[in-house]
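Pasting the structures in now, so scroll down.
Shared between the two complexes below is chain A, which has chain B as its partner in the first and chain C in the second.
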Partner chain A sequence: MIGRLRRSPWPYLAPALVLLITFTYVPVGNMVVYSFHKWDGLDPVMDSVGLDNYVRVFTDERYWRVFLISLYYFVASFAQIAIALYFAVVLSFRVRFRNLFKGILFFPYLLNGVAVGFVFLYLFQPDGTLDSVLRLIGLGEHSKLWLGDPDVANISLAGTSIWRFTGLNFVLFLGAIQSIPGEIYEAAEIDGATRWHQFRHIIAPGIRRILSLSFILAISGSLSVFEIPFIMTGGANDTRTFVVQAYETAFQFRQIGLASAMAVVLLLVVLALTWIQRRLLPDDEVTLS
Partner chain B sequence: MSTMARFAKYTSLVLASIVVLVPLVVVLFAAFKTHAEYHTTGPLTPPRNWLNVGNFVTAWNDGHMLRGFWNTTVILVVSLTGTVAVGTLAAYAISRFVFPFKRLVLGLFLVAALVPGVTTQVATYQIVKSMGLVNTPWSAIVLFMGTDIVSIYIFIQFMQSIPRSLDQAAMLDGANRFTVYRRIVLPLMKPAIATVVIIKGIAVYNEFYIPFLYMRSPDLTVISTALFRFKGPYGAQWETIAACTMIVILPTVVVFLLLQRFIYNGITAGATK
Partner chain C sequence: MIKRRSFAGIGVAVALALVAGCTAGAGDETAASGDFSGEVEGAITVLTNRTDLVNTKLSEYARRFEAEHPGTEVTFEAVTNYERDVTTQLGSGDYGDVLLIPNTVAVDQLSQFFAPLGSVDELKATYRFVDEKAYDGKVYGLSPGGVANGFVINKRIWAQAGITAPPTTPEAFLAGLEAIAGKTDAVPYYTNYKDGWPLSMWNNQRAIFADPRITDAFPTDANPWQPGKIQYITDGLLFDIVRAGLSEKDPLTTNWEGAKPMIATGKVATMLLGSWAVPQMRDAATAVKADPGDIAFWPFPFQTGGRFHARIEGDYKAAVSRTSKNKATARAWLDWFVTESGFAADQQAIPPALDQPLPATLQAFTATGVELLEVPEATTNAGKEDEIIKESEIDLKGNIYRQKLVDIARGAAEGDKDSYFAELNKRWGAARSRVMQ
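And now, the complex of A and B:
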């Protein structure tokens, strides 16, 4: 017995597998079952409703509209990737105070989400930081109700998201660029390549993988935005995102079936996108043993 | 490089730094202002008295921040220890044993990495509830331990760089598999463990959704939810909210300044896997 136990991998694997199955696979399975039922999460009986929940997600404006809100964050993530890429390239060459700039640009990513929410609530207040800065540089007449006006609110929130997450993209790009051997640049420079040529022919191909990964993360990230709108506006003024809506549906209105259907749709979208990415860019590094 | 290009480069860097720092600095200003001063001065005006810590005292006491930090610390320590133990054990089994269904097990971990945690919370909540863990710190602890696939990847990847001849030598000397894990592999895993502790630690410290959902009881506030509570009753007292925000940010600043290099490396190692 002791001999067998010693050679079997299962005692080592058991804790991880039990946690993985209990908190990932069982919930996914349950969620699919719930999505075909009307259930408040408490009643011992669940009423089967067939595809009703899915029909509602796709036909009721309240539910499909939240997909449109994701577009704001999706567009923002392109700006985020562009900004991060620019600074990653700039800071991979010799720059004075390089580490200081690197630290400043990365720092917001480490901050607590609730703290970021409050910092930007303060920034966007009427007569708050943003309005004061605009007045200072002579653009005072452009003050708006940054979070109160439905036309502007999502842009303000998406801007907050850029502020918070650019640092992550930046550090990932920086890491990838620095893994390109330095001699290649030196050789290129001797051959008379300009900075743009270096970027176009050395850096861009060298970080292609992490760049494409960032775009995929941008899509799934913008579909699952929760903290920023939930903390800053509570979903008011047309800023409700998919996850905020699912949270309210499940935990405030106790419509577990409907919320599950929403989550299943979101999960399928994310899995489909990941599958497309794998097809476009077969990833040979993910073989684990 | 031309002077123009150099000028443009530094201007962009300084501008970006201003965009990052100004929102934070004005909150720091507000945290030191008195209530009257806050209402009569603009956000960009520095406080008159940098030693006015009244807001911090109010925030610390009314926000029950001590409890928040204590709960956060307990959850951090237990869930990080758990993640390291569970993760290194699993990685050891996967990288050092030949066994049937290995591909299936690997597949389970890989597919799980694609499921965003936030999508399954509706159903996960029912499971945590049925285990009687809602409104106990264990809800957060098991979820932080159980949903983490990235750390298992990091451990597996690192373990493959440890030569197997070390295992074999120890086993020839009569050590069993567990002794090899405990005495040989685990001590050599320190760099990977540090990476996981850093990236996971940041994530746990900043997590809002899970404690907000699972630990409603006021005794169980962590720093995220303690800060969030200020939203309602203190809506008009921005100087107190500002002080509390700074209290939450301060540990991050300190940790970042002390561990910069490791954090960069950890994030790069963790996110690309």
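And now, the complex of A and C:
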């Protein structure tokens, strides 16, 4: 009996698979089915419309243009990764108040997204915190309508996103850096390597996998930005991202079919971009020797 | 092998169960009124959006009802995010005995979820607002109280600018706001852009032409944003106010709760809202030690036949759930709550029963020569307007396209009044031809 059980993996796998199928694959399957229908989410009858929803997503500029807003967040994610990497490297060496700084950097990520939205809403108000700080350091004439001016609004929101997510990247990088054995640094120092050399030849290759993972997360993250613009501007003033638009389509206009098509398109875009990236940056084994 | 097949079977069964759970049954209901026979006794559950009243006023009403009808028990279920949560609940078939009809339910879906209370012809002899949630001549919901639409203003600030009577044309109204900007420190008009929903109040002015057929005729029109038509007049006034710089400096950081003390103290002079806002603004005035008497209510600046007309409409309509196991008690509570509880008077709302007097705020409003008008819902084109709204994604009843309008008017987005109205006409017309074919 025991022997048979050991040979068959199903009894062990079944609970996990049931959960996975019930809560992941069936809903995704439903979504794909909805995307070929015109449905308001309530009616017992769904009208089949074939590919109409997809045609609308791609031909009506109001649907695909919101993808361009993602570019702001995509550019911001490079700044975010650079900042996180810089601090992770600096704080992985012996620095005074190291743990305090680690805490300060990671803290924003612990805050709830809604709270972040509200905090920054006050920060960006006319004569709010940001304007006061600028005046204090003599840059008062540079204050703007941070959210009201459409040229600046997306940059303000992307800045908020950097503030919030740098901590996550930072912790990932720090963990990866600390998994590199200390003797390698000692050996490098004996050979006369500077900090830059150490970064260039030990740290960077050592954390390559985490770096590439961060870029994948950055791409999918910037395509699916939702809560920061949703809470701070509600998508007004040209800050509507693809997901905010899909949310409005689904719940404000009750076009569940069309919104499902948008979600499927987003899924396919993220899958395609991830695949391209994996092809461009093959995932080699890392060897430090 | 066998194991693999049975495992696939589990997956299929799970999928079927989920699909089956999503569809609620709908049968035929031929009588104008549902079956409310039976004894008025036993327990009912009432869903409400008034989380603020559930433990005070509402339970007081419930105690009085239970005293009048021994053997009954009324329990409330307060839902914070009413619209969204109850829409989800509707799909499950379990949504209490009496509830407010979420706006997401289209009129032609009413019979799937609610019991008909009677025919429109029969109920309109006693109640206002009966046709707002009716389909095919059958009424599915009664409003516990109604509101009038117009501008909440700070009388003192308008008087400082030299205006004491409501302006009669949009041009005069704009001139009034200009005078406020010139003579006082107040922000002449506050859009409440960030919270969004106050912008939808611009859609509630359809009575100004005193045309009872306007809502039925609306979906037949391919260009509602043409000069002289309702959208051009209302949305156009909003555009002109913002274009002339008579609204707040940064609309993206407006704050509804913060706006109440601002109008109470005269930092803001005007907001387009409903009469329900007047008691709230007066409360805010009392709270900041300003004079509640400064808050007044004015009609939309447009006259037909030398008179102002203001739209009155019911708030959320209360209905009896189709799946209720105790429809007799549910109906008894609904009727009692609407006519006898005193809820409308407590809320300064227009009483739903035709023979009950208007609240004081609205008596002062009608005294300025305003005629209160109900705008009948569409009958021959019932539900068409909602379909066009969904299809064109121009949320007439919401704020998304009006936020864009404000953005254009303040120079934050490309275009001008003509180009935006032309675009709206085009999108609306295209969606209309898909819906009305």
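As a working rule, the second predicted complex is superposed on the first by the 259 of 289 C-alpha atoms of A that agree within 3 Å, B and C clash if a C-alpha of one lies under 4 Å from a C-alpha of the other, contacts with A are read in each partner's own complex, and residues count from 1 in each chain.
Simple rule for what comes next: a contact is a pair of C-beta atoms (placed from the backbone, for glycine too) under 8 Å apart; a residue touches a chain by one contact, two chains touch by 3 or more.
All of these numbers come straight from a predicted model, not from anything done at the bench.
Q: Which holds for A:L145: it touches chain B only (first), chain C only (second), both, or neither?
A: second
Q: Have a look at where A:G175 lands relative to chain B and chain C in the superposition and call it first, second, both or neither.
A: first
Q: A:A82 in the overlay: touching chain B, chain C, both, or neither? Say first, second, both or neither.
A: neither
Q: Just checking: does A:A187 make contact with chain B only, chain C only, both, or neither of them? Give me first, second, both or neither.
A: Once the two structures are laid over each other on A, A:A187 reaches no partner at all.
Q: With both complexes superposed on chain A, which partner does A:L71 reach: first (chain B), second (chain C), both or neither?
A: After superposing on A, A:L71 lies clear of both chain B and chain C.
Q: First (chain B), second (chain C), both or neither: which does A:T22 touch?
A: both
Q: Check the residue A:G41 against both partner chains and state whether it touches chain B (first), chain C (second), both, or neither.
A: both
Q: Does the superposition put A:I276 against chain B (first), chain C (second), both, or neither?
A: A:I276 contacts neither chain B nor chain C.
Q: Contacts for A:V55 in the overlay, against chain B (first) and chain C (second): which applies, first, second, both or neither?
A: It touches nothing on chain B or chain C.
Q: According to the contact criterion defined above, which of chain B and chain C contacts more residues of chain A?
A: Touching more residues of chain A than the other partner does is B.
Q: Identify the overlap between the chain B-contacting and the chain C-contacting residues of chain A.
A: Of chain A, residues 8, 10, 17, 21-22, 26, 30, 41, 128, 251 contact chain B in one complex and chain C in the other.
Q: Using the touch definition from the top, list the residues of chain B that touch chain A in their complex.
A: 1, 9-10, 12-13, 16-17, 19-24, 26-27, 30, 42-44, 85-87, 89-90, 92-95, 97, 99, 102, 105-106, 108-110, 112, 114-116, 118-127, 142-143, 145-147, 149, 152-153, 156-157, 160, 176-178, 181, 202, 205-206, 208-209, 213, 223-225, 227-228, 230-231, 238, 241-242, 245, 248-249, 252, 256, 260, 263-264, 267-268, 271-273
Q: Which bits of chain A are touching chain B when the two form their complex?
A: My answer: residues 6-10, 12-13, 15-17, 19-28, 30-31, 34, 41, 83, 86-87, 90-91, 95-96, 99, 101, 103-115, 118-120, 122-123, 127-129, 132-133, 136, 163, 168, 171-172, 175, 195, 210, 213, 220, 224, 226-227, 231, 243, 246-247, 250-251, 256, 259-260, 263, 266-267, 270-271, 274, 286, 288-289.
Q: Give every residue of chain C touching chain A within the complex, in rising order.
A: Contact set of chain C toward chain A: 3, 7, 10-11, 14-15, 18-19, 23-26, 84, 87, 90-91, 104-106, 109, 112, 193-194, 196, 249-253, 389-390, 393, 395, 398, 400, 403-404, 407, 410, 412-413.
Q: Please output the residues of chain A touching chain C within their complex, sorted ascending.
A: 8, 10, 14, 17-18, 21-22, 26, 29-30, 40-44, 62, 121, 124-126, 128, 145, 147-150, 153, 233-238, 248-249, 251-255
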